[in-house]
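In order of appearance the chains are A, B, C, D and E, and numbering begins at 1 in each one.
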Amino acid sequence: MTHLPFDFLFLSIATPLAVALILTLGLPKKWAQGLACVGFMVPAFIAVYLWMRFSHVPQYHTYAFYNVYDTGLGGLGIRLALGLNGISLSLFVLAGLVGLAAGLYALQSKVERLNLYLILLLVMQGGLMGVFASVDVFFFYFFHELALIPTFIMVGIWGGRDRNYAAMKMTIYLTLGAMLSLLGLIAIYVKSGGPQGGIGSFDLIYLRRELLENPLPAFAQKNIFGLLMFGFGILVSLWPLHTWAPLGYGAAPTSAAMLHAGVLKKFGLYGLIQIALPLLPLGVGSWNWLLIPLALGNVLVIGFVTIAQRDLKQMVGYSSVMHMGYAFLGVAAFSIVGAGGVVLMMVAHGFSVALLFLLSSSIYERTQTFNLGQMGGLAQKAPVLAAFFVAATFASIGLPGFANFWGELAIFVSLWSVSPWVTAGAVAGVIISAIYGLRAAANVFFGQPSAEFTKVAEQTPVVDLRWSEKMPALILLVALLFVGFWPKSISTPLNAALKAIYPAATSAVSTPVANK
Amino acid sequence: MAPTQLALLVLLLPLASAAIIALFLRRQGALASYLSVAACAVLAGAAFILVFSNQRFTAAFDWMQLGNLTISLGFKFDDLAALMLVIVAIVGLAVHVFSLGYMHDDGSRGRYFGGLSIFMFSMLGIVFADNLFMMFIFWELVGFSSWLLINHYMEKQSAADASKKAFIVNRVGDFGFLLGIIWCYSALGTVNLSKIALEVQGGSVIATAIPLLLFCGAVGKSAQVPLHVWLPDAMEGPTPVSALIHAATMVAAGIYMLCRIEPLFAAAPAALDGVMWVGVITAVYAALCAITQSDIKKVLAYSTLSQLGYMVAAFGLGRLSETQDVDGGKSTILLLAGAGVAMFHLMTHAFFKALLFLGSGSVIHGCHHEQNIFKMGGLAKRMKFTFATFTIGVLAIIGTPLLSGFYSKDSILLLAFEKNRLVFGLLAFTAVLTSFYMVRLWKLVFLGKSRGESAGHAHESGFSMLLPLIVLAALAVVAGDPRVLDLNIFRGIFLEVPDGQYHEHGHHVVFITSLTVVLVGGLSAFFFYKSDDKDTLAVKVPGVFGGLALLKASPDEIYNYYVAKVQDRFALVLNFLDQIVLSRAIIRGTAGFVGLLSLGARALYVGSLHAYVYWFLAGAALVWGFAAGIF
Amino acid sequence: MTIGLNEYLILSALLFAVGFLGVLVRKNTLVIYMCLELMLVASTIALVAFSRFNGTLDGNVFVFFILTVAAAEVAVGLAIIVALFRKRGTVQVEELNALKN
Amino acid sequence: MNADLVSIAQSNQWLALTPELLLGCLALLLLILEMVLPKKEHGAIPLVAIAGQCGVLVGLIINYRAAMHGYEIFGGMLRQTASGQFMRVFFVLCSILASCLGVIALARQKVPKVEFYHILLVVTAAMMLLAQSNHFVMFFVALETITVGFYVLVSYFRTNPLSLEAGLKYLITGALSSAILLFGIVLLYGVAGTPALPGHSVDSMNFGALQTFLAANPDNFLASVGIVLVLSGVAFKIGAVPFQIWIPDVYQGAPTPVTAFLAVASKAAGFAALLIFAQVFVAYRGVVVSLLSTLAVLTIILGNFGALTQHNVKRLMGLSGVSHAGYLLLGVVASFSVPQAIDAIYFYLVVYLCASFAVFGVMTHLAGENDADQELAHYGELARKNPFLGAVLAIGLGSLAGIPPLAGFIGKLLIFIAAFKAGLGWLLAVAIVGVVLSIYYYFGWIKAAYFPGPTTASPSEDAAEQPPAIAINVPMTVVLASLALISVLLGLFQSPLMTWIATLHY
Amino acid sequence: MHNVLFYLFSALTLGSALAVVSHKNTVNAAVCLLVSLLGVAGIFALLDALLLSALLILVYAGAVVALFLFIVMLLNPKSETQKPYKKISIVSGVIGAALLGLGLCSFVARGQFSTAPAAAVFHAGLKDYGAMLFTTYLLPVQVVGFLLLIAMLGVIVLSKKFEGQEDVK
């Protein structure tokens, strides 16, 4: 059904995994690196290629490039169905590009046991491509876990300070979140079998059709949505279930942090947008009383916490937590605008936070510290690095011209129908993020170099961003600017898909659901 | 070329220039500067063609669409936009050319000219914007370019701080602006400027809060009290930047935006009063502050604040109309529109303030980056052209008759006189102060003896710097001429501005007041201040000086107090709650508790067979309980 | 009063309980093992009684198996105890708790 | 004699028991070989055992469909079922793997070798019979054969007092549970044979007859006491709380191959019995379900909590095995209303087999002189010392933890789906908590094997001195690699196993 | 007569069982076990299972108890110097065992048995046992054979001295 010579989606998942498998054989270093490079590039190119082809191919229930494989659980309604719709398309591209950037950055970094590092990263990459290419909810979850496991291991082996504790905490938290959401997904699956207890299916196309015709009872929707909300919430670091995130990102090696914070974390939100909201249209309304305060907690409380950070990586980690608050608010708004905003936000945040992690690591390489108080004046020595970092910072604080702005704007607009006060709270976050973002940039790059940095710079001369670092950074930055200047590249397919699967949402906009 | 394409060219040219500089010309400062200036020149030419060929049009295409939210990228090129375009193009070109000389020896010229180009792009975006979303987008972008340019001397801590402050304070204003836009969008279903006007004329009820929230944006961008704190600090940037961004164009964008949404204010008149009082307070306050400043750029900065207050106040005064009996029926004739007057002053101010800033730039450049006016003096001899043009600027700003500032200030005073006498009095007082501090500045800088090393070795600037001065000086003279107001191309905006034919009543009062204030302020300053390296006011009347200095310092103190003692401490408290209470105490506590449970569970396996047999006994009891139906 | 099934069952239960008591209180592994044998035998009493009162022979046949199994168990068990005694020099339960926690 | 007995004698279809008989003969053959072969050829005897078992396995699989499903043989002693057939294969597989591990482990100890395989084979045959048993006598005898065999196997390393102590503990607790089980059997026998009651049977120890009787007497107190006592005996085998108490001590003291066999085969035998009893006792589902639910909850909680801070890996495997028994119990409880749960249990068992033996295989290789002393700390830098063993360990543990894409995840998922369908909300919640806890200790183990220790000072020094490698021979490499591979492949492609399990339905 | 014998044997069984539990001396305990088993044999006889009664005496008294005594002598634990049990464990043990006994007896109260005398009295001979063992229960018999074999092997493995290794002490 793909109308392409062969299944690109499958290829994009299989290539990195296959390369990882080959790497376990222990090739010579040059070969291994070259092969890994191919493993990272193939998905990225496929992603971009499919994005360009997307509007030219016929669609099967809003899914393009649709293909089904049976792995043996077909009798239970579990099949490996691959396809892209307007929602997953952009995230698929995000995964491909961030994966490429993370891979390239890993290739140039001087980590120990590089081979293992690359293997884990490739597995992660394969999983990520799978998450967004899956039409089957089970495989959606499955690939997420596949990508998650290498994260833990990478934090544990190559992590910074506190890596043991961080790896453990991350593991426990994320497993808990994953289990809760799995429970929710199983609930949907079981219920989709109908009251007579038919087999049911994990296939999203089936689920949408089935649950549109026979919606679940309200209380079931409420309970299942609650499970998904908290499960996914933990995965996306919903306040106050977020404490794993800054710690984990603070400790994670760069490429892992890039892939996790940039892409993998979006799994939860993607699940809410693609699965929970359309299938459980009554669910979000009954949870808004809780979801909105928590999401505002993300924005405002964590916003202030971010201001207080003195460690660059921690700050980036916290800022990522804060921005997830916007996304949750967009989910709470439950409208096409809100959901679209969330997707835009995910894509943009994915690129920008990956870029920030990458640059933080490059900064560390030059200053030997993450402590903001011990830096300063780096821009004189490394102007290109400074330019990239400033661009990333402004992207993450939502400057127009970068993709992030569109997501935030759409979410803010959608929030008005929920409550003007909530909108005001969310928009206030824009000020907060400007404060910490600019502060960090100023602390690192501007003013006079601190005594510590001067000492470090004497020992090892500071060089500007090398090309091997610049390439991955450029990929991310160009993507941010591209979407920022041409948001339609994402929003047009997104809009079409949302319109098709959010029949209930359009009515919810006119009747605000919160504040009862 | 079709006008739309031309407009697109105007808009995108500087962007292209910025992109090329950023990508390829970072190290080729000279090339970058030529490219940037060339781009600016071409765009200025195109702009002039657009404006003077009297082509007015609207055009739009969808930029992003989600559900029922459509954000379009469009041009609304009416007379108002044309006027603004002309101002931006002229001042922009002047500053570009001036920078060629001023920044000639700067190591990061590439970045500087790239920044200028980005700024031009963003500013033009605001000018052309046909809807509020688009305006907001470019609004933010000018904020960014302002940040970039203030931060130009980035190794200076003060510059880094100032740029940060400018952006953040602007964001506070934008907070309200964005909320206002969203509210407006949900109330009217559109943010297209033309459609808003139609909606309002169609009788849509507008909540007073909407225009007030939108005004917040202007408060930030145009540095009105209480968000004015960033502008004086922004003088850390290179002086041409101050001229372009922080005097002539960007800060005026707030006024421009207000004029754009004037129909909303017309529908919610209560909002206008608030706007007016903010403007008046800013005007008076900033003028008072300007008196104590010793930094040449700071004086001009406060003067800018004050003049911006003037414009905002003018806008806030609103429309002045009169009902007349015409052929038996009654008809309302619009006599004076605050928006038009404000734009008029905006235009004249743009020219003479840019002139003053560039002049001060020339002075600073000549004095080897000395900015303290008490270390200058006697520059009239050494820098003749600069002196002459600067003098014209001073005369224009204090409202000397026949110069541009006189006309625009006069029409504001006239409007105030008709609408609100208290405001009139305050604005007149401001005018006194204006001429007082401007003459003080002028005298201390140019007359007397050189008081400083650098002033002693001052030299006249080169041609590239003088040419803009001369052009701007000419404009400062003629821009206020009534014939300009009569130009057909700006009819749409200047129609209601009195063009020399003063309205009957009030005319004389206002005229006399104008003259008086200029003379009183100017002469008192001229004779009061001595050419000395100490502030005469501080020496003679330390009480007043201290009071004024306190007045100036207190908002900064409050700002600093807020940042250090409120915001940062609050952040620390929340951080404590997050990292210590939540992360350590609660989460780790839970983990520890689970660990204890686990130790307990492990301790069950005591190793003694007897204990294990008891387990079997317990198990037997348990299963028996199930069999007996106890459980 | 005739002796019925109940009496036999009670006897069986009591013997079972007494055996269990021994397992619970005795420290000597050998005695514990004897008590376990008592418990097995207690079960066989019930088995034989049921067999008798239900009129089926299977219960009695089952006892054959139980006795055989018990004998085998005793052999293995005593071998373990002896081996342990050789290693540790004791058969007291409380001294045999090297494996714990 | 009389026609009845003759017909019964005719039902003694020895052919149907070929695998068990072959195993028994193989066991005897080993003893004979020991006598006839010269001393230095004794090394070949284990290979004969393994090869013979492989032959049996192959034969079993080839003749998999030859069994007459639902047909009672040996006078009702045995009942051939598809699931019995499945379990036979399962046990032979376990036995092969345990033999392989035995080769490694026994080489380090000064103990007789051949008897180990002999007993292993007999125990395996008994397990196979247990899984097909249809009569309490058969059941009891098979069970006792298993148990007595394990007494010997657990204390097999008799030079190690810990092994003997474990044997003694297993002996006492095992005998105790046998006594309890026996009492339950006696009660059921008695009550089902009571002539006064409806549906009573002459052959009241036959499961079919018992099932009929229980259906006719749905609330007989004596029967329910018998049922719960029998279930307690089974609970001892599977290690369900509160009859799990012996597990850590015995697992720790027993030789590692025996521990593996105990953990997998013995537990599976318990579940095979439990599934049979679930059918037999179906009329008392109220009692059985509530009892098993409670046991499942307690088992999951206590197993996981106990394992959480455990640092002896054998005890850890024991306690985590307890929690796995809990998940499987969850499936058993669900199977009362959702037949699909049975598939899930079988799938889970296979997955558990692969993963556990993979882990135990690594443990066997890492065990030192003292087999009982296997600490987490010994696993430091395993991934460097022997990357292969490290990878096998990680895959095995990951599968046990239920991490996608490994097979353990699919196993848990199937169980959870079944439980959800059965509406076991609270049990499911407990299971989820258990899974999260289990991640901690499994991951902690992987951590110990993979993550650089806190003491590693500088990376350059590390690279200089490679830690001593751990030797592993080629056949074991193949075995462990295939276990790991199956653990991975079953996570990705379940079709082979699922279609196989699906044949259990007819 | 039947009744009297029943009580006699019951008392003998339970009494000597209690003596097994309580007697300090292991040898005496073993002897008490023998007595108890004799009581059980009597009960078997009362239940018309004469063959089993004989078997019990043969197997248990003849083999098992002898084995016990043998081991007890072999190990010669110093039972005289040590208390056989702790006081606290007696209390808890008695309570526990009493509970167990009560629980097991509870079916008498709640059971649906009639206390009617035995139903059809049968006199199974050796032949009947043999017929059953070699037809219906043929398979278990075979298995038990293997069970005995592995038990034997186990005992050998655990007890035999092997060359090249010596025991501690």
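Basically, contacts are C-beta pairs under 8 Å (C-beta built on N, C-alpha and C of every residue); 3 or more make two chains touch, one makes a residue touch a chain.
None of these values were measured; they are calculated from a predicted model.
Note on connectivity: the fewest chain-to-chain touch steps from chain A to chain E number 2.
The set of chains touching chain B and also touching chain D is given as A, C, E.
Comparing each chain's Cα centroid with the centroid of every protein Cα atom identifies chain A as the most central. Our note on geometry: chain A versus chain C, Cα centroid distance of 64 Å, whole angstroms. Once the centre of each chain is set as its mean CA position, chain C and chain D turn out to be 26 Å apart.
If you average the Cα atoms of chain A and of chain B, the two centres end up 36 Å apart. Centroids built from CA atoms put chain C at 96 Å from chain B. In chain B, the residues touching two or more other chains are 602, 605, 607, 609-610, 613-614, 617, 620, 624, 628. Counting partners per residue, chain D has 137, 141, 144, 148, 151-152, 155, 158, 168-169, 172, 176, 183, 187, 194-195, 221, 225, 248-249 as the residues that reach two or more other chains. In chain C, the residues touching two or more other chains are 5, 16, 19-20, 23-24, 27, 29, 32-33, 49, 53-55, 58, 61, 65, 69, 72-73, 76, 80-81, 83, 87, 96-100.
Contacting chain pairs in the structure are A-B, A-D, B-C, B-D, B-E, C-D, C-E, D-E. Within the complex formed with chain E, the chain C residues making contact are 1-22, 24-28, 30-31, 33-35, 37-38, 41, 44-45, 48-49, 51-55, 57-58, 60-61, 63-65, 67-76, 78-83, 85-87, 89-92. Contact residues of chain B toward chain D in the complex are 594-595, 597-602, 604-605, 607, 609, 611-613, 615-616, 618-620, 622-624, 626-629, 631. Residue ranges on chain D touching chain C, taken from their complex, read 136-137, 140-141, 144, 147-148, 151-152, 155, 158, 161-162, 164-169, 171-172, 175-176, 178-179, 182-183, 186-187, 189-190, 193-195, 200, 202-205, 248-250, 252-253, 372. For chain E in complex with chain B, the residues that touch the partner chain are 89, 92, 96, 99-100, 103, 106. Chain B makes touch with chain A in their complex at residues 22, 26, 62-69, 71, 108, 111, 133, 136-138, 140-141, 144, 147, 151, 154-157, 159-161, 163-164, 167-168, 171-172, 174-175, 178-179, 182-183, 185-186, 567-568, 570-572, 574-575, 578-579, 582-583, 587, 591.
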